[in-house]
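Chains here go by letter, A, B, C, D, E and F, matching the order in which they are written, and residues are numbered from 1 within each.
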Amino acid sequence: MAVVPLLGDGDAAPEAVAVFDEIRARRGTDYVNNFWRALAHDPVELRDVWDSIDRVMADGALDPLTKELIYIAVSTAHGCSYCVHSHTAGARAKGLTPDMHRELLAVIALASRTNALATSLGVPVDERFDVSDR
Amino acid sequence: MAVVPLLGDGDAAPEAVAVFDEIRARRGTDYVNNFWRALAHDPVELRDVWDSIDRVMADGALDPLTKELIYIAVSTAHGCSYCVHSHTAGARAKGLTPDMHRELLAVIALASRTNALATSLGVPVDERFDVSDR
Amino acid sequence: MAVVPLLGDGDAAPEAVAVFDEIRARRGTDYVNNFWRALAHDPVELRDVWDSIDRVMADGALDPLTKELIYIAVSTAHGCSYCVHSHTAGARAKGLTPDMHRELLAVIALASRTNALATSLGVPVDERFDVSDR
Amino acid sequence: MAVVPLLGDGDAAPEAVAVFDEIRARRGTDYVNNFWRALAHDPVELRDVWDSIDRVMADGALDPLTKELIYIAVSTAHGCSYCVHSHTAGARAKGLTPDMHRELLAVIALASRTNALATSLGVPVDERFDVSDR
Amino acid sequence: MAVVPLLGDGDAAPEAVAVFDEIRARRGTDYVNNFWRALAHDPVELRDVWDSIDRVMADGALDPLTKELIYIAVSTAHGCSYCVHSHTAGARAKGLTPDMHRELLAVIALASRTNALATSLGVPVDERFDVSDR
Amino acid sequence: MAVVPLLGDGDAAPEAVAVFDEIRARRGTDYVNNFWRALAHDPVELRDVWDSIDRVMADGALDPLTKELIYIAVSTAHGCSYCVHSHTAGARAKGLTPDMHRELLAVIALASRTNALATSLGVPVDERFDVSDR
């Protein structure tokens, strides 16, 4: 399924193919996954997303693997199956071990459980957690 | 607001106060935050949640601070304001720096953006991301 | 907060006040809660929602209290704090006991946990769960 | 997949087939899509949903295509793949151009990003946005 | 699809197979569904989830079928297709009738509608719904 | 509440104040709302979000008001109260009438209802909605 064609190199605009080429070069593979081929229907958004990933997912105060774990957590909570699959693959490419994966999923599951409890109880935020005027 | 009373030590069942005491001992503080005081209306669930946090959030293949980052990511995507506030405070207590916080939020925001793109495009999962029978 | 005025009987259209009167008569109280006063900015939608509640929440194959439990579960998962508060009050008016409330929240929390696990694992639906052509 | 049979004209109740006929007449096609065939297991809800669509999606202060864009936005945020696919097709039938589609998805993606930022920052609503007692 | 292998009895750890055996014994069937086979990659979490289901879904102040209805409601709101399918099958095994199913879905749909209205209107919670200090 | 300080012009970095100045100039007001003051803790993300809004929300194939409607729809479905309030105010500044607002909310509510139905029924996407290889 998809609501737009998945564009191959022969169908995409030159600006989109340029991004495909950067993806291939960065990853050292010929394969460009479906997300990018679908997003290529909008070369401007494609370029902006790719550049944002470059900026945001780079090594910094947090390392790239930790960032992939956060990505998987968000994708799970949003119910984005595509993103869970692609970023779990991406995390493995960056060093995710089975033990890390197990712990990641256990934390996501626990957070989902206590999120539901806090919301169904209507718990008011403690004053001490507010730092808006510090 | 809250849909149950926030129980103080004088109102809670002994099994709940026992958990309050463990929370205080673990954190080295007299303060027990509202989540636990609301959850104390169910001492069995309170005990199970506290023990699960003990098991799941402990140092392992992932360190406790990384686990808090994942927790904040899930809580954001579920729109749980209480959890965002309490776990951001918790992460700070475990060493979250302003730079790490900035990067965490940028990753959450980027993931939310691409989750929406993948879902609105209806992108099919690439065969190579499937490891169900490996 | 609110993005529209909360309309009192003196400000609302006659069609909206007619619904307010039905709410008061049905509940045996003078109080009309904020949801209805905000929704009164659209008397047509107000009427349709009230009539739908009348139809859907009535006693049937499921009793009205069970239906309130389902309502609270959905409201929690959507992060609608208003709805959690109002329907917990509504459930109490229909006989919700503290024990039932405890069990309700434990089920919501467990489902939230396993939902997250199923999604983060990308589990494919078993063929035997498909009844589309039976 | 589906948790109920997808009912054909020969299997559905007469009240459901009557709705199928209205769908076909309105759209000028023999095809009735799966959503309606699944919902036909409840002819009362089927009728009410169809009539609500008739009322809510009609031309008014907002035109029908704008309403489809809003529908796609909600469906994306709820992670409803079926709805994204069916309403993107519906929007195209009402005049959605590729440029409009690109802009729609870019807005959905941006909103998802800033929603996540506002929630993860715990930003309090500005007093001036409150119009509850105006 | 799946991001981990679905483990058969020959591939899973003994601790996981022990849970599989309990599932089969409890349900009186040889079949172990995909959720458990995926979760078996983490025998500790598998055990904890299975024991939690045992504790939480047991007959109590709420009966097991009512608990399944709540489970389906949460799973729908989280967009977990797997969970909707498996728990609808589970509810049928516990006595869900077509009439009950119709009413369940109508309540879920109505709650989803009014959740959206309350949130888009920004309705403030009525003081009388607050029981935090009672 | 907030998990970071809301920065005034005297506390924010010069790069952030530069964005504040652009916001004020664009809107013809001295007021900078809380979202920007919270996001100012990360001047790089602040700049990128502001520039993205400039690019994405500009007049194009869709007009700016239609884009605000889509924004409100997404914000509602994500349960972001802040965003609902700020973008409803923004939409009013761009010409949202009470009639348009009523219709917007009715569409959001209807979509939320049918999203829930499609998900709880597990409806498979019709083949004809797939345009992935066209």
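Annotations for the structure displayed:
Criterion: a contact is a pair of C-beta atoms (placed from the backbone, for glycine too) under 8 Å apart; a residue touches a chain by one contact, two chains touch by 3 or more.
Each chain and its UniProt protein: A, B, C, D, E, F = Alkylhydroperoxidase AhpD family core domain-containing protein.
Since we're looking at a predicted model, the values are computed, not measured.
Least step count on the touch graph, subunit D to subunit F: 1. Shared contact partners of subunit C and subunit D, listed by label, are A, B, E, F. In terms of C-beta pairs in contact, the better-connected of the chain pairs B-C and B-D is B-D.
Comparing the CA-atom centres of all chains against that of subunit A, the greatest distance is found for C.
A repeat of the B-E interface exists among A-E, C-D or D-F. It is C-D, with more than half of its contact pairs matching by residue number.
Of all chains, the one whose mean C-alpha position sits at the greatest distance from that of subunit E is F. Centre to centre, using the average C-alpha position, subunit A and subunit F are separated by 20 Å. Taking the mean of the C-alpha atoms as each chain's centre, subunit A and subunit D sit 26 Å apart.
Residues of subunit F in contact with at least two other chains: 1-4, 6, 38, 45, 52, 74, 76-81, 84-85, 88-89, 102, 104-106, 108-117, 119-122, 124-125, 129-130, 132. Viewed as a network of touching protein chains, the structure reduces to a complete graph with every chain in contact with every other. Per the touch definition, subunit D reaches subunit B in the complex via residues 72, 76-77, 79, 81, 84-85, 88, 104-105, 108-117, 119-122.
On the side of subunit F, the complex with subunit D involves touching residues 1-4, 6, 31, 33-35, 38-39, 45, 49, 52-53, 56-57, 60-62, 66-67, 69-71, 73-78, 80-83, 85-89, 97, 99-100, 102-104, 106-108, 110-126, 128-130.
Touching subunit E in their complex are the following residues of subunit B: 1-6, 38, 48, 52, 55, 125, 129-134.
Of all residues in subunit E, those touching subunit D in their complex are 79, 81, 84-85, 88-89, 98, 101-102, 105-106, 109, 116, 122, 124. The residues of subunit A lying in touch with subunit D in their complex are 1, 3-4, 41-42, 44-45, 74, 78-80, 125, 132.
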